[in-house]
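Both of the next two complexes hold subunit A, though its partner changes from subunit B to subunit C.
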Partner chain A sequence: MNWSRLIAMARKELIQIRRDPRSLLIALLMPIMQMVMLGYGVSLDAKHIPVYAYDQEGSPDSQALLKHFQASQYFDLVKTVPNYRQLTRAIDSDRCRLGVVIPYDFSKTLRDRGTASVQVIVDGTDDNTANLAVEYARAVISAYSGAVQLDWMGRQGLATLAGSQPISIEARTWFNEDLESRNFIIPGIIALVMALVGALLTSLTIAREWERGTMEQLISTPVTAREVMLGKLVPYFGIGMADAVLCFVMGVWWFGVPFRGTILALFITTTLFLIVILGIGFMISVAIKNQLGASIIALLVTLLPTSMLSGYTFPIDQMPAPVRAITYLVYSRYYVTALKAIFLKGVGIEALAEPMIALTLYAGVVGFFAMRAFKKSLD
Partner chain B sequence: MTAEETPAISVEVRDLVKRFGAFTAVDRISFSASRGEIMGFLGPNGAGKSTAIRILCGLLRPTSGSVRVAGYDVATDADAVRQHIGYMSQKFSLYNDLQVAENLRFFGGLYSVPRNIIDERIEAAIQMAGLAGHEHDMTGTLAGGWKQRLALGCALLHRPSILFLDEPTSGVDPISRRTFWDLIHDLAASGVTVIVSTHYMDEAEYCNQLALINRGRIVALGSPAELKTHLRRGALLLVKCQPLGPALEALEQNPDVLDAAVFGNALHLTVRDADRAIASIPQFLADHHVQSIELKEIPPSLEDVFVELASAPPAANEARAP
Partner chain C sequence: MFGRILHMLIKEFLQLRRDRYALIRLIVPPLIQLLIFGYAATFEVYHVSTAIVDFDHSQESRELIARFTGSGRFDLVEQPSNRHRIRDLIDRSEAAVAIQINPQFAENLRKGQTASVQVIVDGTNSNTALIALGYIDQIAAQFAEDYQNDHLNRMVPQYRLLMPSVQMVERPWYNPDLNSKWFFVPGIIGSLTLMTIVNLTAFAIVREREIGTLEQIMVTPIRPVEFILGKTVPFFLIGLIQVALIGLVGTLWFQVPFRGSVFVMLLGTSLFLVSTLAVGLLISTLCSTQQQAFASSFFFLTPAFTLSGFAFPIASMPPAMQWLTYLNPLRYYLVVLRGTFLKGTGLSILWPQMLAMTALGAALLAFSVMRFRKSLD
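Then we have the complex of A and B:
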C-alpha cells in the first residue's frame, strides 16, 4: 500500500463528487427526502380501529364491556347492530375492522361462574392491523374482566381479606411503551437510506471511469487495484458516515425517537454496515461498467431486501419459515436489529453479539470479494 | 531509475502473439528498441498497433511470447514496468472534470513523485504544454492540441525512461502536430525511448526505426531510409497520363510492371528495370489509346513501400529489411 497513490486517488474522487451534481444530489438531498417521506408516510399505528358490536344480551354488564372499548384510544365503537348478518356485512364492506359479539347469557355465566366468553371477529385482510387489533381487544377485555373480578370477589365476601387485589392482566409493551410504530420504523428507514445512498454512489465510481474512457490511463500507472478500491471508497465512507449522523439527528430531534444506547455501539455497527454496503456497490460497479445499469442493480440489491426482508416494516418472526430463512442472508436485517436495540432498548455492544458477529462476517466476506473484483486489465 | 541508468535495450519483444477468441490481433512480432530511439509502428487502422502497445504497457496480457520493458517482464511484473513507462492512449483519457493542475497533481501522486519536487514537475509540465495561465481551466474545455500536450505532460511527470504514444496526434491540427513532434525529438535526445504508433506517413519519417504493421504482423522493419531503398523489388516510376482508368487497367497487364497504383492524378509503377520501362511504356500506352504526358523515375516514399507491402499476399509478407 502506497500512501501517495492512495491519497491521490481519494482526493481525485472527492473533487469529482464535488463537481458531479448527480452524486451531490444522492449524497445530500436523498437522505433528507427519504427520511421525511418515509418517516411521515409510513405509519403502522393501529389507532381508532372502527368496531361494530352485536350485543345479544343488552345488559348493564355487556354495556360496561362495550364502554371499555369506547374508552380505548385504539378503538372507535361505531355502531351496535341487531344481528350477525349486519355485522358480517359491515366487515365485508370495510365499515369496521373488528366485530364484538356478546352472547345472550353473558352476565349470567359471568355471575355464576365468574368467567364468560366474548367473540371477537377481525378482518384479516391486513394481517398486521388484524394482529394488532386482536392484541388490543384482548387488553381491553382483560381490563374489564379485572373490574368484574373485583366486583365478584366483593359479592362473594372475599373483599375483606386484607390486602387482597384482583389480578389484573395488563399487556405491557417493553421498549416502545407508547406502541408508537414510528419508533420502530425510523431505525429501519435509517438503514434503508444508508444502504441506498452508499450502494448507489459507489456503484457509479468504477463504471464512470469506463464510461468516460479514463480507465485506460488510470491503469497504465503503477497504482494497484487495491489502492484504486480503497482510494475510491474512503470518500464514500466519509459521506456515508455523514449521512448516518444526519439521519440519526433527524430521527432523534425531528421524529422524537428515543436514543437510549451508546454512541460507540452505534458507530461500530454503522461502520460495519457501511463496509458491507460500499463493498457491494463497488462490486456492482466493477461488474456492470456503465453508470445507468450499475445504479439500477444497486437499487435492486439494496432497496428490495432492505425494505422487505430486514424487519424494517414487516416483522421477521411473522414471516413464513422459508422467507424467514432468507432474511438471515439479508445484511440489512442485522443492522436494523442492532439499530432498534440501540435506539429503543439502550443496549451496549455486549448485548449485540449476534448482529455484530453477522455484520462482521458479512463485511469480511464482501471485503474479500471486493478486493479481488477489480482487475487492472483491459482484457 | 533515470534515463541514464537504463540498459541500452529498453524494449525487447520476442514472438509476441495476442488472440481475442479466434481473431489474432498480434501475430508473432519481434523487435527491440534501444535507449533514445524513436520507434514507429506504421499501419492501417485495425492492423494491431494499439493492441501491441497496450501489451507493452501491461494493459493487456500477451497470449504467448516474451515482452521485456525496462528490464522487466510485462507478464509477471506489470507494476514495475508501469513505474518506468509513460503512456498516452489513443483516446484522450485524462479527467475532463478536473482542472489542468488537478490532473497533473493526480498523476504525480499515482507515480509517487516526491512531495518536494512535485510542484516543480507540474510547473515544468505546464510550461512544456504551453498551458501557463491555464492551470485552473477545466480540462474538458481545452482545445485538442493542448489536451494532447497536457496528456504528454501527465505521462512524463515521473520522468519515465520509455514513452508509449498510441496515435498521439490523431485529431490534432498540423501546427500542434509539429510542436508535438519537436517535443518528442527533445525527449529522445535526452535518452527517452519513444514507441509511437501512427498512420501518418510524414510522422513515420521522423522515426529512427520503423515497423510496418499489417494484419497483426510486422511486414517490414528498419529505418525509413532502409525501408525505401532495400525493400524495393525494382524501381518506381511516376506516370502522368490521360485517361487514368484505362491506363491503370492496361499497365497492370504489362509484363514489365510489377505493381501499379493511383497516387493523386498520376500513377506509380513498380518496374523491374527503370530504363527498359521508360523506353517501352510510351509506345505501350499509345497502343492502348492513352496519352502520356510525363514519365520519370522517382525515389519511393514510405507510402509506396507501405502500399506495396500491404497489398502483397500474406505469404509474401515475411520480407525483412537487412
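Then we have the complex of A and C:
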C-alpha cells in the first residue's frame, strides 16, 4: 500500500465527482428530499376515517349512537344515506371506509331490553386501516352500550349495583410516548437513505470505467488493486457521512424525533453500516461490467432488503419463520435496530451489543471480499 | 415509417438477446421480490411477546391471564417476579408488552371497586403498539363485562337476561379475513412494474448517448418520434409480461382473488405503462450519464412509492402531500389494481383513474418528446 498513490486515486475520483455536479447535487439533495417525503408521507395512523351511515330507523336512539361516532376523533360522519345501494356504491368508490347500518327495530329492541345489533361494514382492502377502524368502532359502540345500560339500571333503581367500572387499564407507553408513527419510521428512513445513496454512488464506479474504456488506462498505471478500491471508496464514504449527518439533523430538529442515545454509538454504527453498503456496491460494480445491470442488482441487494426486511416499517417478529430467518442476513436489520434503540430507547453500548457485533462481522467479511474482488486484468 | 420502427424494434430485441443475463435480470428479481414482499409485508399483529407479572395470585387474576394467553395475540415469554425485570425485558426488546396485575385485584373486583391492571408497551413500533393496546382493552373489557354480568346474576337473577345492550357485528368486505397479502400483492404488481419500467427507460437513451451510438442512429433517416417508439415498445411489452407474470403468481400462489374483468385491468395497465414509460423517457432526455439517470430515477421512484398508497394510507398524509399524490401515476394504478382484484369494480367506478392516467401519460409523453428533440441539437 502506497499512500501517495492511494491519495492520487482518491483525488482522481473526487475530481470526477466534482466534474459531474448533477450527480453530487443529487447525492446531497436526495437525503433531504427523502426525509421530507417519507417523514411526512409515511404514517400508519388512522384518523378521520370517512363514515357513511345507513340509519334505517332514524329515531332519537339511533341518532344518539351516530352522534357518538361524530364525536370520535377517529371518525368523520360524512353522510347519512337513505338506502343500502348508496352505501355499497360509496364503499366501492372509496368515498367511505366504514358503513354503519342501524336496524329498523333498534330502539324497540333496546326498549324490550334485548341486544340490538349494529352492523359495521368495513372496507377490508387495506387490512391495517380496517383493523384500526373496527377497533375504534367497537370502542364507540361499547361506550354507547354502557351508557344505555347505566341509564336503564338507574331507572330500575339498580344504580348501586352497577358500581364503578370493574377494570381499568392503565397503559403506559415507553420510548414513543405519543405513539407517533413518525418517531419509529424516521430512524428507519435514515437507514433507507444511506442504503440508497451508498448503492447509487458506488455500484457504477467500476462499471463506468469499463464501459467508457478508461479501465485500460487505469490498469496500465502502477496503482494496485487495493489502492483502486480504497481510493474509489474514500470520497464516497465522505459523501455518505455527510448525508448521514444531514439526515440526523433533519430527523431531530425538523421532525422532532427524540434522540436519547449517545453520539458515539451513532457514529460507530453508521461507520460500520457505510463500510458494508459501500463494499457491497463496489463488489457489484466489479462483478457486473455494464451500468444498467449493475444498477438493477444494486437495488436488489441494498434498497429492497432495507425497505422490506429490515424492520423499518414491517415488524420482523410478525413475519413467517423462513422470512424471519432471511432477515438475519440483511445487514440493514442490525442498523435499523441500533438506530431505533439509539434514538428512542437511549440504551447504552451494552444493549447494542448484538447489532454492533453483527455489523462489525458484516463489515469485516464484506471488506475482505471487496479487497479481493477487483483484479487488475483485462478479462 | 412502420418499416423504420420495425427495424428499430429488431435492433432493440437483438441487443436484449445479446446480453446473456438481461432476461434473467428482468424475470428473476421481480419474482423474488414478490415472494419476499408477499410474506414480509404485513402490519398484522399476532404473537406479541409479552411478560406478565401477577402480584395478586388469585383465581380472578389467573383467569384474566388465561384470557390474554389464550387469545393467540400474546405470547407469554416470561412471568417475572419483580418490576426491575420488566424494564430489562423491554429494554432488550425481549418483550414488547408487559402486563402487571396489581395486588388486591380480586378483592377490589369483589367489592365493586375498580381493579387496576398496569400495562407497559414498547412504543418503538407505534402501529404494533396501538393494535396490541386495542386487543388488551378488548380482552379486559370482555372480562369485566362477563364478571359484571356474573355478579348481577348472583345478586338479582331475574334481571340477568333483560339488560339492554348494543352489539357490533363487523362485516369486512372484499377481504373478509383482513389478510395483509390481499392488500399488498396487487400493490406489489404496481410498484415492481413502475420500478422496472422507469429504470429500463431511463437508461435507454442515455446509454446510447454515453456509448456514442446515438450519433450513429441520428445519421440514419429515422425520425425522433420513430426512435422513441422503437425504444419504448419493447419496454411496454416487457411491462405487460411482468404484470401478467406477477399477477398469475399472486393469484395462484398467494390465493389473492381476481374479481374484476381482465379487460379493465389490461386497459389500466396499458395506460399506466404509457405514463411510466414517459417518466423514464423524460429522465433519459434530461440526463447525460447513466449514473445521473440512475440517481434521477431514484429521485422519482422513492417518493412515488411512498406517495401512492402502496403501504401508507393517503388519507393520513398532510394535505400538501395528498395534493402531490395526484401527480403520481402509481396512485391511480393501485386503485385500478385493488379495484379489479379485490372489489371487482368496473369502468363505471374506475373511469376517473383511467382518465387521470391518460392525461398524465399524454402530458409527460409530449414533454419528453419535446425535450428529446431539443437535446439532439
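We adopt the following convention: the second predicted complex is superposed on the first by the 252 of 379 C-alpha atoms of A that agree within 3 Å, B and C clash if a C-alpha of one lies under 4 Å from a C-alpha of the other, contacts with A are read in each partner's own complex, and residues count from 1 in each chain.
To be clear about the criterion, contacts are C-beta pairs under 8 Å (C-beta built on N, C-alpha and C of every residue); 3 or more make two chains touch, one makes a residue touch a chain.
What you see is a predicted model, and the numbers here were worked out from it, not measured in a lab.
**Q** Applying the touch criterion given at the start, work out whether A:Gly41 contacts subunit B, subunit C, both or neither, answering first, second, both or neither.
**A** Second partner only.
**Q** Once the structures are superposed on A, label A:Asp20 by its partner contacts, choosing first (subunit B), second (subunit C), both or neither.
**A** Both: A:Asp20 reaches subunit B and subunit C.
**Q** Taking the superposition as given, does A:Ile357 touch the first partner, subunit B, the second, subunit C, both, or neither?
**A** Neither subunit B nor subunit C is touched by A:Ile357.
**Q** I'd like to know which partner A:Gly293 touches here: subunit B for first, subunit C for second, both or neither.
**A** second
**Q** I'd like to know which partner A:Thr224 touches here: subunit B for first, subunit C for second, both or neither.
**A** In the superposition, A:Thr224 touches subunit B alone.
**Q** Counting only touches as set out at the top, which of subunit B and subunit C does A:Leu329 meet: first, second, both, neither?
**A** A:Leu329 contacts neither subunit B nor subunit C.
**Q** What is the contact status of A:Lys12 with respect to subunit B (first) and subunit C (second): first, second, both, or neither?
**A** First partner only.
**Q** Quick check for you: in the superposed arrangement, does A:Arg212 touch first (subunit B), second (subunit C), both or neither?
**A** Touch status of A:Arg212: both partners.
**Q** So in the superposed three-chain picture, is A:Leu264 touching just subunit B, just subunit C, both, or none of them (first/second/both/neither)?
**A** Neither partner.
**Q** If you count the residues of subunit A that each partner touches, which comes out higher, subunit B or subunit C?
**A** Of subunit B and subunit C, more residues of subunit A lie in contact with C.
**Q** Just to be sure I follow: which residues of subunit A are touched by subunit B in one complex and then by subunit C in the other one?
**A** 20, 212
**Q** Across the complex, what residues on subunit B touch subunit A?
**A** Subunit B residues touching subunit A: 54, 57-61, 78-79, 82-83, 85, 87, 89, 91-98, 102, 105-113, 151, 154.
**Q** Please output the residues of subunit A touching subunit B within their complex, sorted ascending.
**A** Contacts found on subunit A: 2, 4-5, 7-9, 11-12, 15-16, 19-20, 212-224, 376-379.
**Q** Taking the complex as given, what residues does subunit A use to touch subunit C?
**A** 20, 22-23, 26-27, 29-30, 33-34, 37-38, 40-50, 65, 89, 91-94, 109-132, 134-135, 137-139, 141-142, 144-145, 148-149, 152, 156, 158, 161, 163-177, 179-181, 183-184, 196, 200, 204, 208, 211-212, 290-293, 295-297, 299-300, 304, 308-309, 313-315, 317-320, 322-323, 326, 337, 340-341, 344-345, 347, 351
**Q** List the residues on subunit C that touch subunit A in their complex, please.
**A** For subunit C paired with subunit A, touching residues are 19, 21-22, 25, 29, 32-33, 36-37, 39-47, 49, 90-93, 96, 109, 112-131, 133-134, 136-138, 140-141, 143-144, 147-148, 151-152, 155-156, 159, 162-176, 178-180, 182-183, 195, 199-200, 203, 207, 210-211, 287, 289-292, 294-296, 298-299, 302-303, 306-307, 311-313, 315-318, 320-321, 335, 338, 342-343, 345, 349.
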